[in-house]
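In order of appearance the chains are A, B, C, D and E, and numbering begins at 1 in each one.
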Amino acid sequence: MMATQLSTGLHVDELTAGYVPGMPIISDVSLAMKHGEIVCIIGPNGAGKSTLLKAIAGLLSVDSGTVSLDDRVITGISPDRLSQSGVALVPQLDNIFRTMSVEQNLRLAARRCEEPWRQAVDDMLTLFPVLAERYTSRAGSLSGGQRQFLAIAMALVASPSLLLLDEPSAGLSPKAAQEVLGMLPGIARTRVAILMVEQNVRAALTVSDRAYVLAEGRNQHEGDARALMNDPVLGEIYMGARRVEAHAAKSV
Amino acid sequence: MIGIISYLAFFLTIALILAIAVLGLNLQWGHTGLFNGGIVAFFGAGAYGMVLLGGPDRVDGLGGFSLSYPLALLGGIALSGLLALIVGLATTRLRHDYLAIATFGVAIAMESLMRNATWLTGGATGLRGFERPLEAFVGNAFAYNLLFMFFVLLCVSLVYLFLETLVHSPFGRLLRAVRENERAARSLGKSPAAVRLTAFVIGAMLMGLSGALYATFYAFISPQDLAPILTFQIWAMLIVGGSGNNKGAVVGTLVVWGAWVGSGWLLTAIAPTHLQLYTGSIQYILVGSIIVFSLLWRPRGLLPEKLSTHSYPLPEPGAPNQQTGSAS
Amino acid sequence: MLQSLFDGILVGSILSLGAIGLTLIMHILRFANFSHAELISMGAYFTLTLDAVFTAFSRALASKLPMLSVSISLLLAMLAALLITGIAAAIIDRLVFKRLREQAGPLTMVFASFGIGLIIRNVIGLVYGLKSVHYNNDIAFAIMISSDPLLLVKADQLFILALTLLVMVSLHLFMSRTSVGFALKAISENPVLAQINGINLASMVRLAWLLGGALAAVAGVCYALNNQLSPVMGRDLVLSLFAAAIVGGIGSIYGAALGGLIVGLASSLALLVIPTGYKPAIPFLIILLVLYLRPNGLFGEER
Amino acid sequence: SAQAADCTTKIGAVLPTSVDWGRPIAETAQFAVELYNESGGVKGCDVEMVLRDTQTDPKIGVDAAKALVDLDKVPVLIGAVSSGVSMPILTSVTAPSGVMQMSCCSSSTAFTDVAKEGKTRGLWFRTFATTRNQAAIAAKLIQERGYKSVGIFYKNDDWGQDIGKLVAADLETLGIDVTTSAAINDAQPSYRAEVTSVLKTRPEALYLALYPTEGISLVREWLSLGGTQEFVAANSLKSDEFRDGVGMQYLEKLVGHDSAPPRTDSATTFVDMYKAKFSSEPNGPGLPNSFDAVMISLLAMDAAAELDGATIAASVPRVTDPAGTPIFPDVAGLKQARELLAAGENISYQGATGAVVFDANGDVSAPAVAWTFSETGVEEAAYYPLADVDAFISTLND
Amino acid sequence: MTAPSAVDNTHLEVRHLRKRFADLTAVDDVSLSIERGSITGLIGPNGAGKSTLFETIVGEVRADEGSILFNGKAIQTLSADQVYRAGLARTFQIPQPFPEMTVLDNLLLAAPGQLGETFWAPVIRPLAIRKQEEEHLQRAHEILEFTTLSRVAGLAARNLSGGQQKLLELSRVLMGKPELIMLDEPAAGVNPALTNLLMDRIHALNDQGITFLIIEHNMDLIMRHCQPIIAMANGRVIFTGTAAEAMDCDELLESYLGDMSTVPS
């Protein structure tokens, strides 16, 4: 709609998309970010956060609106071509090939990077040593957290320029979550745009630059990450602050 | 006119007999996810069981029970149920294609037995000698066929009602749950093995009923009736009609069987005599095309499965997006 | 006994060859493709036609390879038929299976493939006639390896055995060592995730069909070489192939090869104790037994 | 030279036209109809034979038969080939509807039983000579050739089981060793195992009761493994397809049996006409029988006062009366037949399988021949009149 | 072997449990006991063997060694469905919905003591079943209301969002009437505000006597709601104690919690 002033980075303009044409899950969602930025999306369950990421990655048919990346409209481009051109998505569910070994998962993901797969895969094994330990195991036998590592490694292995993370810390131990989230600023500094969805809101906001709040499929709020974290109203609605005590007092 | 009615009654009789087997398969596959590749085994058990139990004495083989028709019919059904129980127990651990090939093996073994064990089944010649019940009483062939059609219709209706009641009950929900996610079903205290076995046996007994009625109507059964093509036909009927939907199963039977024989009739009606030699092959091509196009047109069947198993109203269905968010 | 054992292995090797192609498609595209039978027939008949064309082109091509009943032109025809059958398979996918894959369950595809099989089989019957034909009317006599115990082996069959082993090993290496092989597996398990990982679904599906069609064609030619060509040859073969593929475990190439041998051996050895009338049931009963012990086939994984 | 007829009379045929051995049978039936029409048709009307495929599936065949009877109102039905299809047609379509059914090839003894029970209501006929005679001739041929041991391959269907067992029993009576008797199922990917199982019993000769398709497969396999070339074959293998598929050079010692064509100067009528039409010999399972089935039916229609099944069936003896005027199935013969019948005289149809005579059960027995393959086709090697056959059978029974 | 447990108050007891996968011992000589009426937290680094312990306890995976006592009775030979029927329920870490069934049907399936789960009952007792179904329906709606799934009750479970699937997993187990509920990361992917509400419900059920064993990586939740806390690492139990004690356990801090300073408490 307003494709006039495109600039580098990711631009989502009044995007309306869903799984069945004519039954949109997200409506008129807009979002903009530059390379090097970490942006977090928060919102209640079923708000449409994952749907948004999937739509950006080209997995859904878009009813209206556009997504553009680096001055190029990417709506309508097939997910594999997007992936080849530097968009990586870590889905929330079903994010590894269960019947394949860890090695095969990584090598498969590394097909789209230019350098030889061995180097790229080795980098990932250094980053996530647990994957090296279970290198030949069937990915389906990994523990919940180990799967998450693998899924993230599969996205990172291709050195993407846009990284879409759907709840990367879910299922990770506190320590691992910190490590993974802590990795992000470093990655962003290599001019990667990182858009993530998180329910581990506080931890996510600490590493994010900006954040959007999504509810009922629409943009509800947008702002600086730190400011959002300290916003009392949003805190209560989306982060469970304060009300906890009230409820705990009532029911226990 | 009477000719058309007579033919239609005949057509419907066979179609409805097959519909019973399709309904049985729908219970197994459509609702429970059991990939039964050996329908003819149970169909055959019902048919042979009924003829053996109800037929007269045979010179060179087992027989001579001469039970009354209802008993023979029940006996045939019971025999297929028994076979299903044994097969089911042996194959409860198998899924998908593995179950299909195992049951297919049972069917082939059954066909082999029928073809070779002359003392039991008359061998390749088949079994006859069974009198159609009440035929002599009715006398007129046309009237008898009409009567038989109504009898079959009654059977189909009862089976349909029974299955509709089943699948819309908690039992039906249980069947689906086992089909959808066995592990989850187990974690909720359900015993998938028992559920699968029950559905398998009930479905097989319906196939047995179908076989028994088939043999009654033709007053004859032979291994040629148990060729694997029957299994495919029954499956095609279910898939075209819509697996998981009992109405779909019946509609699919009528459509596929209608297309199968109708195409032959149509071709001889329009083809000049010298081409009639080739109408057999063309008929197959037509049948194949009808199946393929029907599936392309309605991939989930003519009457697809419904999502909900019960008829109670939901509080607020509709598009999720128009509802209020959780936390606001 | 020894002869039966050998017969089983040699007959089994044709089944193995066919089952490898079948298991591949069953694994990657996740449905039991009954029209594989007709791909087999198509491969055999394409070869028949091309062989005639090539021989007409140059008589020199009609000379036989040493020991075998295979001529140079037949080999060339077979290579061309592999490609044509593969392309035909890909076209069928484009016309029918693509849409069903996107919109329906696997059983819909199974019965669509059944319908397609009916169509192709009867088109072949109309084009080539219903009677059986041979590539070559000469009979390839068996070589007596030993007379007591009697052991006769046909060179053609050894050729097929070798071919099967070659196909088996190379295909296994391809599927388990190369990233294209992984990509094929990936689209079978989770097409969406595969696409996210940069895999072009359409081209991988095409590749799978090309492979599947080509493998079916090889199997068809080898089978016809030993038996005869008829429009129903694929149909007659395919159930044994399913049995072999499934008993080996769907998706396992070694499994399919072993499954073929088991089916071959079972039907061969069983006749030592059981009347021939029961033969069709034997392999399936053996399979029932194997599956009872190993519910996902010999090398299969739970899906 | 067809006479213009502006009316048509329908008859029905249910035959497996989509099956390799079925299509020629149907083709021959059509040929007979053509001939008949050329000679003037039934009662001056062109005969239209409505042909439906059975797909060898009883349900399909029965439905087709029912449609022909109810929708096309045919008084006569030709078919089916397999007993498994013919029988339900008989019990559930033709007999109840009073339509005459004439099968070329259904061999099952069960039909005789049904007829004996009176359930065919005289409507059932088959031109396939009873297996009993053929089996006896097979045994006789084997004996004449002096084979001491024989292996038997029989098609595992009703006909094959029947003849296989009869031949084995007859050989036993004659003191000839049957080393093994192997049932051959249709559509097997390989017959290697069956071949090996017989090969290792080292019989001097093989008796083959098979159809060409599996016959070729099996015999080629047999020969390639070095098996004997001493073959005795049933009439089903009397086919060019089989000869060419296996190769004449391996079949020089083969002798086969069949029911005999008529012993007259015009004996070759059918063969000649067939050759003129199809430029090949009428060699293949069931071709002469199919021809005769149609001819007899059509002649009976001409002989019948009214065109309903029962009347036509009742007229069959009039056209197969041994005392009647011999009639050959060429255009001239058929014309003559029609005149004789119109004049109230009986005729003796001299068909492709001989002077067919039906007994009360609709069965025929026929004299027999022994045949061998030649470069050009098939040659008759010996002729066994019915009396000889019966005499031989009675020696077996003693 | 099946001697009654020493203390009557022990609801679930695991003794020397061991489970090997090829080269890896996922559960290594684990012994622990869960007190009746407690809300026990089970923590540990990724791959510690927590989920495998669950799978082993409920019989989804067979233990190589050791025994499991529930209410003093050995259950290690029971199958998963028998364990559930004995009163021990669990949720899956990776949600296991019935994908082609509605959310409501997913719940109704889990209702306890259903009359209509045989093939004859629907034919002979339709009215009684209908009545019971209505009761269950009402209960299901209550639970869905609470877990915020009401508006998606009619959707196929396959179409739920990630968090909604976790909520469905929890809702389903709440639909039954188990004595002991084992939850595998119930809060992962669930919005924090809702998590707090869920914990209230769990406390309420706990007050009615239901024992809970909860695997969680959300330390906020563990610290606030669970007592005692058991920690595993490398397949072994390395710690048992209160929340406060856990914060003093160096081994835990190092391997599991990391730098606690970034986690606001």
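Following the convention adopted for this analysis, a residue touches a chain if its C-beta (ideal position, glycine included) is under 8 Å from a C-beta of that chain, and two chains touch if they have at least 3 such contacts.
Small disclaimer: the values here were computed from a predicted structure and weren't measured.
Counted as hops between touching chains, the shortest connection from chain B to chain E is 1.
If you take chain A and chain B together, the chains in touch with both are C, E. The most distant chain from chain C is E, comparing centres defined as mean Cα coordinates. Centroid analysis (C-alpha atoms only) places A farthest from chain B.
In terms of C-beta pairs in contact, C-D outnumbers the other of C-D and A-C. Rounded to whole angstrom, the centroid-to-centroid distance between chain C and chain E, based on C-alpha atoms, equals 48 Å. The distance from the centre of chain A to the centre of chain E, each centre being the mean of the chain's C-alpha atoms, comes to 28 Å.
If you average the CA atoms of chain B and of chain D, the two centres end up 36 Å from each other. Mean C-alpha position of chain B lies 31 Å from that of chain C.
Touching two or more other chains at once are residues 115-116, 278, 281, 284, 320, 323-324, 326-327 of chain B. For chain A, residues touching at least two other chains, in rising order: 44-46, 237-238.
Across the assembly, chain D contributes residues 18-19, 23, 156, 183 that each touch 2 or more other chains.
The part of chain A that touches chain E in the complex is made up of residues 19, 43-46, 49-51, 92-93, 130, 141-146, 148-149, 166-167, 170-179, 199-203, 206, 236-240, 243-244, 247-248, 250-252. The part of chain A that touches chain C in the complex is made up of residues 57, 59, 78-81, 83-84, 88-89, 91, 94-100, 104, 107-112, 117, 138, 154, 158.
Considering their complex, residues 21, 43-48, 50-52, 93-95, 148, 152, 159-165, 167, 184-185, 188-197, 199-201, 203-204, 217-219, 224, 255-260, 262-264 of chain E touch chain A. Interface of chain C with chain A (complex): residues 179, 182-183, 185-186, 189-190, 192-201, 301, 303. Put simply, chain B touches chain E in their complex at residues 162, 165-166, 168-174, 176-177, 180-181, 183-192, 198, 202, 305, 307-310, 312, 314-317, 320, 323-324, 326-327.
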